[in-house]
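The next part holds the structures, each set out as structure tokens.
Heads up, the next two complexes both have subunit A, just with different partners, subunit B and then subunit C.
Presenting the complex of A and B:
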């Protein structure tokens, strides 16, 4: 694998404006394939906005203007001919609060492949089974697949959301503070799950918990006021940060 | 503080009790008056001597037919209008006008709809006094209710659902059909049931448009008589007060049956998780 191929996502000179606010300022970032990259920084630093650029979720908001390029593999996802539906199949997203649709567990997972045109019953059955197995939820829900997903605990619902994302066979999984609504044990489960996912997927996580970034990520990106201050391997960043602002933030002297 | 709390609780209990009492009294009164005449032959036979004797079978058929058709016409139109208003438009002048229009329409007395139906469907469209005229008029009458309640039900669907659905790659229409409408279904169903209740008990709009024929309608262009119209005529023209009460009782039972069935169906669907 040559140097270029070990990066899955390459962000080039990305600027995002919301009305007259300059929210993301000249972002350049390479994200490694099959690894976990954590975006950290204080509230309002633009880390979630940056994450949402990667699957173009900012498109639906009025008054947002984006300049710059993001490459997924070799394709510029902001090119004019990008099929957003297909992009979102390749780049899945898990949100802050677990959002299980008020449907059955089965239907929740099946909703993702259905969007992309899978309707064959057996194929769907297989996707649901394998997705739930991969997130470690299968044993708990196998006998109640057709019961409402809303009866699951929050942690289980978040696992279900990950299963739903996996079900459309993405290449990248974006997680936007996936544990902030969860208890410590569920958080641990999700972190273990991320570790497993990183074997097959490129994982990008936004987190406000520095411990989580330190525990669970391979690379860390520290952002402040819409700029990337520092990025690098998580171990190095937390032991010997190069920038004093990074050091202040990770030691808690910043806020 | 504790005393006040207790007094307020007592007050509310009394008020609630009063509400239930009124309801029980009305239904009980009609049951007592109507139950003696309620036999199987009353349900299954055609009326004789203008309804003095015989049964009310044609009126039951007319009621079910008219209400059913009205709902089948109005429900899809109403729900799709609500989808358009909530999912496909921003807050511009168009949805505001539509919303204002539906609100105003919902407040119009039914006899105005009757008059409109008579002039437009019966005379202008030359449909005559018929099942079709009646059903179209009723559908226009219940449309605002369906639009309003569906719109509220759809608005109550959390935006997070839409966001997740878009993030999965869904188009707006896929989001509507696979996430928004299933989530809003209980609310929409309640609205449709309200509309059914309004349509089934309607007298003024129906008497103007479907007429009051006592015969079983053979085609959609035949005149028919619904249960409320039937007991209105029985009571008004002094034909048979006993039969009027029995007819009223049948109407109440019919509404009850429809409601129970609808909620049973809804619960089964909900338990399936969809």
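Presenting the complex of A and C:
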């Protein structure tokens, strides 16, 4: 594979201002295709803001100004002619707390493809079945597809949210603290699910848990005060970080 | 159904396969080493020495993986024991291969003239040592501790052979000092074989640790 083609996302000289506050400062980052990249750093370092730039979720906030470019494949997603709805189909997002819609399990998954124009019942059935199977939820919910999704456990609801994202056939899946509301067993299931997803999708995760970044990611990016301090293969980052600030953070000596 | 930690489990299995590959090369080195000695085949001895590079490379690879797994996977309980055992076992297998090299190097001193006595006990020691390594690696895979106990019993036999040979070779030298040139390398070879057996018992102790959670010396 061409070196350039290994990367799914390329962020170039990205700066984000919230009113007069300079939140992201000169971000340059390549994110590898079909792998898991974790963004870590203390609260307020800008990791969630950076994640939200990748599907232009920050656009909806007033007073946000973004300068720089993000390429998804060869397309600049901040170009004037970008169809943002289509972009968010290509770049799906899972949030900190599972956001199951107050609908049936079936409708939770079918809603996204429906929005994107799929109306044929059999096609929708297939999408629901395959999405729930891919996230490992099918066996548990096959006999209650038309019951409310709100009856599922939090861990199952988070799996459902991932199923809903992949029902839109995205290329990239962004996860913003997807396990912080979950118990340890559900957390491990989501981590293993991410591993499976990375076979077909590019996965980017923001996590407060360094242990999670260490366990579950291929590449880690350490951020501090809106800047990327260090990024690289996770195994290297957690055994021999190059920057003393990274070392202090991952060894718990951060002040 | 998503099976938690599937990837980590797979990495542990791969780690253990590297140990087995390293063990197989060392076992092979033990066979070639004795053949080279018996046949006074210096070419085969050189070849055996070169095989050590593969063992050294595997040792570093295993160490790197263990460090990465400890740093990133927060291993607990049996997982932790497996990683620590792999790290220690790799070190012992590496030493086994190093002693096989030492024997090949010392063996060169014996290659140019006929031996004053036929090689009997040394090949016997080699056979036991090689069997010990095989049994221990088998135990590592099958988790069969009976194989470990059997290997410990074999180690005692190696110790006895070593002690007897040591006394015997010393006596030869006393009786005829001109035998020193051959007897000293032979004593060194028996000593190396005895050390190899000790490293193999260390491996057995790590297999015992993985299975029981108990760290202890198994040989008496």
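What to note about this one:
Here, the second predicted complex is superposed on the first by the 254 of 255 C-alpha atoms of A that agree within 3 Å, B and C clash if a C-alpha of one lies under 4 Å from a C-alpha of the other, contacts with A are read in each partner's own complex, and residues count from 1 in each chain.
Basically, a residue touches a chain if its C-beta (ideal position, glycine included) is under 8 Å from a C-beta of that chain, and two chains touch if they have at least 3 such contacts.
Because the structure is predicted, anything quoted here is derived from the model rather than measured.
Comparing subunit B with subunit C, the partner in contact with more residues of subunit A is B.
Of the two partner chains, neither subunit B nor subunit C is touched by A:7. Once chain A of one complex is fitted onto chain A of the other, the partner contacts of A:17 are absent, as it touches neither subunit B nor subunit C. With both structures placed on the common chain, the touch criterion links A:149 to subunit B but leaves subunit C unconnected. Of the two partner chains placed by superposition, only subunit B is touched by A:99; subunit C is not.
In the superposition on chain A, A:78 makes contact with neither subunit B nor subunit C. Contacts of A:111 after superposition: subunit B is touched, whereas subunit C is not reached. When the two complexes are overlaid on their common chain A, residue A:86 makes contact with subunit B while staying clear of subunit C. Overlap of the subunit B and subunit C contact sets on subunit A: empty, with no shared residue. Of all the residues in subunit A, the ones that touch subunit C in their complex are 135-136, 139, 159, 185, 188-189, 191-193, 195-196, 211, 214-215, 234-235, 238-239. The touching residues of subunit A, when paired with subunit B in their complex, are 55, 57, 60, 84-89, 92-93, 95, 97, 99, 101-107, 111-112, 114-116, 146-149, 161, 164-165, 168. Interface residues of subunit C facing subunit A in the complex, by the touch rule stated above, are 1-8, 67-68, 71-74. Put simply, subunit B touches subunit A in their complex at residues 158, 160-161, 163-171, 174, 178-179, 182-183, 270-274.
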